[in-house]
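Labels run A, B, C, D and E following the written order; every chain starts at residue 1.
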Amino acid sequence: MYTVVPLLILFVLSSVTAIVFVLANRLLGPQAMTPSKLEPFECGVEVYGPVRQPLHVRFYLVALLFVLFDVESVFFFPWAVILKDLGLVAGVEMLAFLLFLVGALAYAWKKGALEWD
Amino acid sequence: MDFRVGLVAVEVALSLLALLFILLGAWQRPNTSPTGAWAVAVLALIALGGFSLSSSGIDGVARSFYGLVVSDRLGAFLGLFSLISGLLVLFMSPAYLSREGIHKAEYYGLVFLSLVGGFFMFKAASLLTLFLGLEVLSMPLYVLCGLKRNFGKSPEAGLKYFYLGAFFSAVMLYGISFLYGALGTVNLEGLAALAISSNRHGLMCAFGLALLLCGLAFKAGLAPFHAWVPDVYEGAPTTITAFMATFVKVAAFGALIRILFSLPPDILPVLKPFGWLVAVLTMFAGNLGALYQTNIKRLLAFSSIAHAGYLLVGLLSFNALGQQGVLYYLLAYTFMNVGAFAVVIAFGQRGEENVTLDDLRGMGLRHPFLGVAMALFILSMIGIPPTAGFVGKYYLFAAALSAGMPVLAVIGVLNSVISLGYYLRVLVALFMMPEARAVIIPPKGFGAKVAVAACAVLVLWFGCFVSSPIAAFQGAFSQSMLQPGTIARLP
Amino acid sequence: MQPFELTDLGAGTKEMMLNMGPQHPSTHGVIKFVLRMDGEVVAALDPDVGFLHRSIEKIAEKLSYPDFMPYTDRVDYVAAMNCNFGYARVVEKLMKMEVPKRAEYIRVIVAELNRISSHLVSVGTFGNDIGAVTPFLYAIRDRELINDLLEMLCGARLTYNFVRIGGVAFDLPDTFKEKAIAFLDTLEPKLKEFNTLLSENRIFRERLAGVCVISKEDAVAYGVTGPNLRGSGVDWDLRRDEPYSVYPEVSFEVPVGGGLVGKVGDAFDRYWVRIKEMQESAKIVRQCLEQIPEGPIMAKIPRVLKPPAGDAFDRTEAPRGELGYYLVSDGSSKPQRLKIRTGSFAAVSIIPKIAPGWMIADIVALIGSLDIIAPEIDR
Amino acid sequence: MEIFLQEGLVLLKAALWAVALSLVMALVAGFLTYLERKVAGHMQARLGPNRVGPYGLLQFVADGVKLFLKEDLIPSDADAPLFRFGPYLVFVGSFAVFAVLPFGERIVATDLNIGLFYVLAITSIETVGLLMAGWASNNKWALLGAMRSAAQSISYEIPVGVSFLIPIVLAGSMSLQGIIHAQAGGFGLLGWNVFHNPFSLAAFFVGCTAMVAEINRTPFDLPEAESELVAGYNTEYSGMRFAFFFLAEYANIFVISMIAAAIFLGGWQLPSPFKDILPFGLVGSFVLLAKAAVLVFIVLWLRWTLPRVRVDQLMEVCWKYLTPMALVCLMGTAVWMWAFPGRIFFGLFGTA
Amino acid sequence: MQAVFFWLFSALAVGCALGVVFKKNPVVSAVFLMGSMLALACLFLLLDAHFIAVIQVLVYAGAVMVLFSFIIMILNLPQEELPPLALGGTRAWGVAFGAVALLFLAGKFFPTKEGFMPTSRGFGDVRSIAVPLFREYALAFELTSLVLLVGIVGAVLLAKRKV
């Protein structure tokens, strides 16, 4: 518990400083909210066409691949910590785990899921 | 290092083959059908089936991987049933998949992975393995259900099954965490110490067990959680529907057996009424639902719910007769269902047009072989004497009678009578009705015909030669891990 | 104002209308491109020019011939000398006037120096578009030396107004020769340094290999000229194929795009042609400085020029392609009509044909490689 | 009573550390902006800031004040709450990593036993902040830039995660201090993880490239590619909120250099005997800061020489080159650990 | 001191979860989801389970949140017109049943006064999780690789436009 308190205090303090900075800016800085200034920046031309377009599905694919590979890398961390102690047994287990992981990566690669088309 | 890999040899082989098929799928040129992969898959299943048949004779219980997995006769038999249903489904697949244009080698990979999940479900010695087996079983099925991306119902089926599946596995996990909190261990032996009472500990056990059984009931398609079955079975590709109808039921009931038979006997007075209620509800839901169906796949889906009800009747009798009945009926049910779906595939055309009853009008006369086979399966589902279905139902209801639940047996028989209503409508459509369609497209798919023939022969075989399998199933429970002090030891 | 309607692409994703508008870092000067995007890839592109139109050609009709000279600087302010050169030639052609030899040499010297400085700007900003910021600074630093030279000559650094009809305004100061030679000697190692930093950089080549290829047929069909045309492999240079002024007396090669990195006619080829052209121009200036004869720098021209009625057309090789002047005079002291044909205008017209199928980053590379600037397009 | 005293002490110590860290971050981030412009200047044959204060040292103070005085606009149809929340998340995300950085042998805010893993987790929160900022400012360019920068930093988190594993495997613990302690062998120099075995050498380069890409710096600074997407996700931001993104970027440069120096270049291990001349191992912290300074200079150097990579090339580098290479390095190190238990590369020949 | 933090964070977690459910704008509900996940991570910190807390932050607050934000941005649901759920009766029944169950269970499982058991030194560090993961539960570890393989294959098969 005691190793963690500095973390919590750090979070609290950093958000407090952030809020203080913004308030200071709001007080010191000018506030001339003319309508034209609030237009979204569109290279100097008025905006037409829907702004928030549904975007390409490839972002979703990258995010999904990331979640899956992230969960796999989470399994790597405990393995890395005890590799020194468990030695060969952990190595063989990780080899099996890696076999399926690399298989999945090869599959995604060959199927073109990694291209950004 | 308690790593006796020998006990999980079948699962390791299946998962390695699955990886091979998935990689084959990646290197497969578009719109060619992976017949090589299919052949390897069939041979592998036959080999593994033979291996597990030989090992099903073992007696004694071997636990490995630090008490996570157990290998006993019950597990071997259920493994055998799964491999059989996998093999039959594989026979049907090539014709159907290339017709629908989704013939990819990954399909076989995912089927194999789902088999691995099932194996770990009914060979689980701890709730952790059971949960992981459930996940490995259902993840491939979510993908397989949604495989036909262009046919509107398939993605819907995949998504529906995914959302409900994810929800109920979360419910199950919540139940397991309560049990762990109460009993301090996740192993099935620990369940023996489960005590339901009004104090805090007792309530945690009750709450945990209830949630756990709900999760499994969802997977088995039992009453209060059966709403997903018709939609998903109709939307999914027919081969996957056959696979889910048979294999997933085997796995779910295997897991139910593992858990229920590890509970202490004094739980029974609390457990039986609920079980009784669920069984009745399931049977009526299945049969009454099926009466109004015109689509043959939805009809078979409702009938599979009804069969789950009959199985539950046998399970709740908790006596030797019931155990044999459950195993026997699972076997018979696999053959009937896979056969029926194989016939549906043979008659079906691209894009699932004529799957309704009036599409099948007169097809029985036009194609006598398929017609007779379908009649045989229907009779077996109703439970007419020469078929395996009759023997199974007989054992189930006899067990209910001998376990002192005559009302349940009567309701079971009553439901079989109700099921006459929709089963006969299929037969009438097949044989008595004039053909509705102008052009008759001859059924294609040699594999489907082989599956139909095999199922028909096996349904008849197990209808007549009953003694040897029954004897084998008798030992299934005594030689299994279910140790003294639990329900399994009841007379 | 909706140039094209947005077709939806199925699966719920609609196309996106994007504005690389007038105020955009990568469009050199004030040009607006409206892009119809399919996700990351450009489906269609519609250039919308005219933001910098000053109607120079109309003004020409109100001014006498010599008075119009400063306006020609503004046609392409990065290479003003070449524009003056072109205008002076077309008037001389109309009046069939002889220009003294020395003036011709001086004109070629300043034109080639201005070509080097224009290419330095284009190559520098092109590197900046691809993301390498430092080479731009080096290019600008070298350009300063040329500006100093020309400032020494005519006092101005950008819009020189140096060439006169019938000759040039001022003679070369005596220190000009050594200074020019000194500059030319430093140019070679500076270019080598620039190449090692940018041209041989793997990411730079990876970004430009085979990108936005303009085939020979398209280049010719769309009237693309100058380094862009030579980048596509067409061996055509007015200075050699339609020799004018003193170009026949100097020897130089014409670099042509050869698919050094990717395919012939890709963005890298156009860039590489400009680098090579700078070296050739340096050679030309060196030879001119050697061979320049003594003599007058200005032919005798009447105070009020009244060229005979008629028309004349003359085209010269400007850094951004063929610069054509078509002059119609009705015998009065003011031209009746002046038409200026510039290289950038043709280059802009080919972008909508090449753009579809490429990503935004490649479109930016295409615009940079074509070396388009707004004043030349809109005039 | 004694408990409260002890707890009070802990709270006080933590508060002191938090204040110290916030000062360090503000100073470091500000100084880096000045350093970058100075380095850029000299690389581009020009001077760089030299007006404000001696050699322009107070330039970043001037920038800071300017940012305080600038107007902080919130576009009319932007999603106001999210628009405000995005920069906070990015700022707090980059600030939180400072808690774990080992400034010296005994000078560290919290020596978490999951130090390196905590760093990976916190950087993934920043991505969500970016996405929110891009989505809330209701501008085509901002949305495209935010999506791209999010896609880039999440895909580069895989190679970063895997290359973090190698020092953990070698040290057998995840805390940064533990990793540095494990690099003590071979006269203080040969024990560094970089020289431990050929695979960890390769992992150093793979890791640093991935880390540079993770914080969107050239040659991977695609999202704010001025020439294409105007200014990426912070197109609509101005005033202090823009400063948060700015501060976060430069704080991140310092953070990745400190981490790379700590886990690969031996942290405060120094190859000379006079290690404990100054108290509290201050010599060690100077050495660590020197190593980090070298790495910071390299990151700045990259920015002013290399052009930018295109989006699909960026993704291709990550998934098809960096991730497989990182996995190979990891497996190589594991095999090395098994083949030569505990021996460093140079230890095979000599005594170490 | 621990109890204060415990009630603070659990209230935060429950509050954010309610925020997720009731907020109309999908992106704002995604932010609330992240808030509840971070609150859970803090609860794990209170139990000295540092490793699990950081996994919670990394996998949930980082990866899953980015996935949700991408999905929300890809679907681009118009905030205002999210179709109202026409549940009517079942919603009322659901809320009633949920409330009863909650009260009943809360009554039974209310944390008694023992509070938190003091954990042994180095209880939460990685080693105490890593060793059993690779010895007792090695089989579970291998099964997860199967699940992840299926996840990736499924993602590619279903999501890629032209497979």
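Throughout what follows, a contact is a pair of C-beta atoms (placed from the backbone, for glycine too) under 8 Å apart; a residue touches a chain by one contact, two chains touch by 3 or more.
What you see is a predicted model, and the numbers here were worked out from it, not measured in a lab.
Taking each chain's centre as the mean of its C-alpha atoms, the one that lies farthest from the centre of chain C is B.
Between B-E and A-D, more C-beta contact pairs are found at A-D. Centrality by C-alpha centroid: the chain sitting nearest the overall protein C-alpha mean is A.
Put simply, the C-alpha centre of chain A and that of chain E have 17 angstrom between them. One simple way to say how far apart two chains are is to compare their mean CA positions; for chain D and chain E this gives 28 Å. We define each chain's centre as the mean of its Cα atoms; on that basis chain C and chain E are separated by 62 Å. Distance between chain centres (mean CA atoms), chain B to chain D: 53 Å. Multi-chain contact residues of chain B (touching two or more other chains): 1, 15, 19, 22. Chain D has residues 112-113, 117, 124, 135, 140, 143, 147, 150, 154, 157, 173-174, 230, 311-312 in contact with two or more other chains.
Counting partner chains per residue, chain A has residues 3-4, 7, 42-43, 52-57, 59, 63, 65-66, 70, 77, 81-82, 85, 89, 99-100, 103-105, 107, 111, 116-117 touching two or more of them. Across the interface of their complex, chain B is touched by residues 105, 108-109, 135-140, 143-144, 146-147, 149-151, 153-154, 157-158 of chain E. Chain contact summary for the complex, chain D toward chain C: residues 40, 43-46, 140, 218-219, 221, 225-230, 303-313. Chain E contributes residues 2, 42, 45-46, 48, 50-51, 55, 58-59, 62-64, 66-67, 70-71, 73-76, 126-127, 129-131, 133-135, 138, 141-142, 144-146, 148-149, 151-153, 155-156, 159-161, 163 to its touches with chain A in the complex. Taken together, the chain E residues at the contact with chain D in this complex read 1, 25, 27-28, 31, 34, 50-51, 54-55, 57-58, 61-63, 65-66, 69-70, 73, 122, 125-126.
Of all residues in chain D, only 10-11, 13-15, 17-19, 21-22, 67-78, 84, 87-88, 91-92, 95-96, 98-99, 109-113, 117, 124, 135, 137-141, 143, 147, 150-151, 154-155, 157-158, 161-162, 165, 168-169, 172-174, 230, 235-236, 239-241, 243-244, 311-312, 314-316, 319-320, 323-324, 327, 330-331, 334-335, 337-338, 341 touch chain A in the complex they form.
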